[in-house]
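Contents: one structure, followed by commentary.
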Amino acid sequence: MGENLKRVMVIGGGIAGIQASLDLAERGIKVELIEKNACIGGRMAQLDKTFPTNDCSICILAPKLAECFRHPNITLHTLSEVKNLSGQPGNFNVKIFKKARYVKADECINCGQCIEKCPMRVDDEFDMKLRKRRAIYIDYVQGVPSIMTIDKKNCLFFTKNACRICEKVCEREAIDFDQKDEEMELNVGSIIVAIGYDIFDPKSLESLGYGRYPNVVTALEFERLICASGPLGGHLTRPSDKNEPKKLAFLNCVGSRDIKNNPYCSSCCCMYTTKEAMIAYEHDNEIETSVFYIDLRAAGKGFREYIQRGENDYSITYIKGKVAKILEDNQRNPLIIYEDINTSQVKQLKFDLVILATTMIPKKDAGELAKILGIKIDDFNFFKANSYQPQKSSKEGIFLCGACREPMDIPNSVIDASGAAAKAAEIVMRG
Amino acid sequence: MQMVDFEFRNELIKEDFSLNYCYQCGTCSSSCPVAFVTKGEFNPRKIIEQSLLGLKDQKPNVWLCCTCQMCVEECPQKVFLTEIFEKIKNKIVLLGEPYPKTFKMQAKSIIENGLAIPLTQPIIRRRDQLGLPKVESANIKELKKLLDATDFEKKIKIHEVSK
Amino acid sequence: MSDEDIRIGVFICHCGTNIGGVLDISELTEYTKTLPNVVYSAANLYTCSEVGLSEIRENIKEYNLNRVIVASCSPRTHEPLFRSTCQEAGLNPYLFEMVNIRDQDSWVHMKEPEKGTEKAKDLIRMGVYKAALLESLEKMQVSVTPSAIVIGGGIAGMNATLNLANQNFKVSLIERDSELGGLIRHLNKVYPTNEDASNILETRNLVESHKKIDVYKSAVIEKIEGYVGNFKVIILQNKKTIEIEAGAIIVATGAKALSPEGYYNYNGKTIISQLELEGLLKENTINTKNITMIQCVGCRNEERKYCSNICCMTALKNAILIKERNPNTNVNIIFRDIQTQGVAYEGYYRRAREMGILFIKYLPEKPPIIKKDRIEVYNEFMNQVIGFPYDLVVLSMPLVANEDSEQLAKMLKVPLEENHFFLEAHVKLRPVDFATDGVYVCGSAHWPADISEAISQSNAAASRASTIISKKMLEVEGSTAEVSTDLCVGCEACIKICPYSAISKDEETDTVVVNKVVCKGCGVCGASCPQNAITIHHFTSDQIIAEIVTYGGGD
Amino acid sequence: MSYSYFLGCVIPGRLPFLEASARRIFEKIGFKVGDQAKCSCCPDPTGAAQLDHETFLALGARNLCLFEESNNNILSLCSGCTESLKTVKHILDNDDEKKKEINLKLKVIGKTYKGDIDIKHFAEVLYENIEKIKEKVKKPLKDLKVAGHPGCHYLRPSEIINWDDPLNPKTLDELIEATGADPVEYNLKNDCCGNPVEKSDKDISLSILESKLKSMKEAGADCITCVCPACYQQFDFNQREINKIFNTDYNFPVFYITELIALALGIDTEKLGLNSHRIKVNDILQKIA
């Protein structure tokens, strides 16, 4: 095999894609890392802390982002998507569509002048739309590559042929409205798919009132609300009145283990709701939490003990039972109706804030990518993995890792990623 | 202590297969208005568990189900609770066990008048006043034939005096 | 280097609000400027971001810095990053010093920001005084043996071996037993496909026939020597001692099922273990009407707090198989929480319910009681005791660590956790690595794992090992211990205490020598040496004393 | 195919004024509905169905046959009847064996169920004609705060009813809006009124009603509207008793949605028989006058 084909494409720059890339790069294999967004980092960058060590998420991720960026064997393609695949295992040709950034990567120093002056306010997707960003932006402060991007859909120059303020204020003359979208073809020996997951929208679960009740939020929104770099600067208040919440309720299995929505188990919620309750308690020792669950799933290493700690040291009460209905009182406090299984009584409890542990679902465009790559998906649109070689897709030479094949937590995604790297290396390094 | 009656359990499962899918999450009781006001005295989840366990001797008051079907809509496993309760009630009736007399009274009226609420003279007058057309009710003889075909009177023990 | 030449740059990190939300960063920045030898002091929102790093690089050049301090988080996670940043700017990485004002300051003094800021000043000042005394160190280069050793020939070990061999590495697989296959040999079918376990065991043939693989069966490990890139494992096979060399080692020794003896009147006949049931199913000799499985036997209790991960799926599998064989069999599973994470497993659980398997939840304080003619259990869902007849009770026993794990851990110089499973370097981001370089773990040796998980992890361990053995040369830590032969009296105190076995006696000179490749610079030897003969580079006595004195602790 | 009324038992036998308002507004919006004779009880999904499923199917199928014979679709004035008839149709159309079985029973009265007619709740038809209603509104019911009670069998089981969102219904509120009134949001909007339990336990039935009324009161409703005669009875007949038991002072006038629409369309109140309401509606009439 030619040296050129000792090259692997990794699609998706979340923690799984990053780990797979780093392993391959350290193994001496060239990596083309394809990321759809302007920065790599994925979901892990959005999290405040991670279980069961409660490490600050971005703090343990950031070194990996930087390593990925600087590694001589890794070529990072952001704002890029796979459009076509031809060839065979060991010799794939992949067509990549790369959106223009309208910012010169070599010139931008992320000084933030342009952001300050940009007049547009756009929902910040990274912050779960809990605040606004500008039309020129960086996904998040620690984002890599740490350069700006112009969001063409919202930029006044592109929409109304006006403004160009960023261009004027940029001392480095890094703004380039003439940049064009590009197409390129890459030749690789193997491909790893690591596009991650989306979050189930609980609006369709009418009885829970999400979207109607301001004090009912999703778990990922909660991560942003409580995160120091989030919209509240880490000072947790509830959306309706900016009061500090003292009584929290977490509802597990929102949209999961539910055959009308997502029949499967979302795998991480029992653990992350415990984590979020712990962080909340660390912010304010007066906070008391109730976690409503069907089965407490904590089979991973140290997980059972973690739940125990939550119960003993963090004022968490675990309540067996799924909540069908949330109401609201006239102070906008969510009222939870639940069955206390110990007494068989149906009770009503008032909370300050309710957090919904919404299901991890396949990425919206997973089906489309599966078609392009010629790999199979399962009944729910997760990429279909081999039962006993879980990183193998249905097609030789293409491998899977992370939550795009099944909901999984970070350690499992990291394991999966290294595993996929090994399988890809098998293809490109075989004798 | 109650013994699990596997035969009875299997009988109920045969009646409504969806029973099997229940994993006792309690969504049904959380959504049930009767469970709420009775503080769980009527508890749909428990009736399902009882059925799954085939606890034949325990007689939950299934007649308290208000048939609102909220539990059916909310159940994440698509257990058809209201239908299961209906089947349990049918079974109770068939076995000749007591059931609320209002039900029997309604059945009687249907057998006799074709309607659950017979038309009275004052109502007929009122209908006239409001300019409403005359109600021509069902042919009782024809109805009787049909009810005989389903063995209705016998099934519901129409002639036995209920408590 | 004389004092005048020392030019220190200090970068103070906000870490978002982690530090910036508590400590007064601008005050710290100003204060730092007043410290000796500091020629540059500035704050960053996130020093570890690309912006922060490029500022370090640029200012090293612009201010001609020859010492760099970052006051931020923990060196445990971030020192390597900052060191290599310095190196990129042409500065010896050991001229970098890190001050932890987050974990040890802003996080613990959240409620007293003024005092926290004062403490940060002390910490930074100490760093500055130490930095002035830092010396350039060189990282050693060592050659790498381009092969691996895998310990344990179960499914994890076999799969890791095969993967590395397929990547063209030479691999030695060491198995204690007389044949490969591990626990799977005792299984009937495997979930979630319910195919024969023997299908999975076909890996055996691939392993045994692979030209890059040497399999050592009935082999006992006697001794493990060496270090990352250059391990030497001595095994005893057929009374013969064999020496195997490799650049990396993968631990895949698996686990074993806890013995059911003493639990629930276990008798091996009517009350058996899940593993024994596998055997009966294999022989197709089950012919009973009422079967009950009890989950979490001997675990999730005080003695063994953990959930053994694989037992729920195993019970479901066997229950389904029994039901498939004879739908009229009554199969009950008495459980605590059904652990069927993910897509396939949750679907499997629903399928089990669909088949009419009866699930009964129990509380640990009210476990089932097996009587002569029936089992009685308190049913939490009904708030009452219920009973049912049985012909066969199956106990789901957890996987527990192998007894000799401790011995192996010692030989490998890697730690075990409280349940005696191997302890990885970092549960989140280094799940198959050990803190000791070049050694990796996968499968049930790490934590009870099912086949799919074990294979997944073994691929991961292979990948991690390949990052070492694919390199011709490795760089190792430069901050190590050095013995002054003049001062050493050969008392061997350091040899006994070194956790990495990095020190040995030079019989000729009767003094000790440090193996710089193995030495991690932990400093234990230096502290134990009665002669003060050991210098720990980067943590020299001078440097540490300077910190203490400027803090106010010395005279 | 045209529509004929299926009146059921409660409306013709007890609440004829509800029928009057329905007939008036369908006339007004020009939606022709015929009359179907000789129907029996649907039968009551909360009553006879609970005693014997087979009889439930047979009686229901007989009613459906009558409409099939006269080549008419069903327009039902009652949610209970709608649910019963839709359920029977759903079961027979999807289960050939059941259909055969029931047709065997129907044979004794010379009928065969075929399954070629459609069943609609009257509010479903009103909703389909909502633009027409809006056009014809003469006296918008301005500032009237109405607590809409969709009720259970109007919505559920959704697989069979196949209509509005079973957990967040919108159609009734939109109909209220069409009259110019304001639908109020209240916590227990989607809950049962309690009527069906009355057959087995009146106390429970009233407790459910009380929580419902409380929730409506907290939301500041002026009156209640519903689309099912069973619910209507529960609300209109039982408020006084509730007040006695719970020491409350509920006094919500209860309207069928057809009555509210009739008022908005400017139909003569005399023709609606509003004086038959137990909770007097005069205050409301004054308010909207």
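Order of writing sets the chain letters: A, B, C and D. Residues in each chain are counted from 1.
As a convention for this text, a residue touches a chain if its C-beta (ideal position, glycine included) is under 8 Å from a C-beta of that chain, and two chains touch if they have at least 3 such contacts.
Treat the numbers as computed from the prediction; the structure is a model and nothing was measured.
J.: Quick one: most central chain, C-alpha centroids?
T.: Smallest centre-to-centre distance to the global C-alpha mean: chain A.
J.: Count the C-beta pairs in contact for A-B and for A-C, then report the pair with the higher count.
T.: A-C
J.: Relative to chain C, which chain's C-alpha centre is the most remote?
T.: The chain farthest from chain C, judged by C-alpha centres, is D.
J.: Between chain C and chain D, what distance separates the C-alpha centroids? Give it in angstrom.
T.: 65
J.: Approximately how many whole Å separate the CA-defined centres of chain A and chain B?
T.: Taking the average C-alpha coordinate of chain A and of chain B, the gap between them is 49 Å.
J.: For chain A and chain C, what's the span in angstrom between their mean Cα positions?
T.: 25
J.: How far is the middle of chain B from the middle of chain C, if each middle is the mean of its Cα atoms, in Å?
T.: Going by mean C-alpha positions, chain B sits 60 Å from chain C.
J.: Residues touching two or more other chains, restricted to chain C: which are they?
T.: Residues 338, 350, 381 of chain C each touch two or more of the other chains.
J.: Tell me, which residues of chain B touch at least two other chains?
T.: As it turns out, chain B has residues touching two or more other chains at 23, 36, 45-46, 70, 74, 77.
J.: In chain D, what residues contact two or more other chains?
T.: Residue numbers touching two or more other chains: 167, 188, 190.
J.: With touch defined as at the top, which chains are paired up in contact here?
T.: A-B, A-C, A-D, B-C, B-D
J.: Once bound in the complex, which stretches of chain B touch chain C?
T.: For this pair, the touching residues of chain B are 1-4, 6, 9-10, 13, 20-24, 45-46, 49-50, 52-53, 55, 77.
J.: Note which residues of chain B are touching chain A in the complex, please.
T.: 23, 25-32, 35-36, 39-40, 43, 45-46, 70-71, 74, 76-78
J.: Provide the residue numbers of chain A that touch chain D in the complex, in ascending order.
T.: 205-207, 327-328, 330, 335
J.: Give the list of chain B residues in touch with chain D in this complex.
T.: Interface residues on the chain B side: 33-34, 36-38, 42, 61, 63-70, 72-74, 80, 82, 86-87, 89-90, 93-94, 99-100, 102-103, 106-107, 110, 114-120, 123, 126-127, 129-133, 135-139, 142-143, 145-150, 152, 155-156.
J.: Which of the residues in chain C come into contact with chain A in the complex?
T.: Going by the criterion above, the answer is residues 15-18, 21, 45-46, 48-51, 53-54, 73, 77-78, 80-81, 84, 163, 166-168, 190, 192-193, 200, 212, 300, 305-309, 337-347, 350, 380-381, 383, 417, 421, 426-432, 446-447, 451-452, 455-464, 466-467, 470-471.
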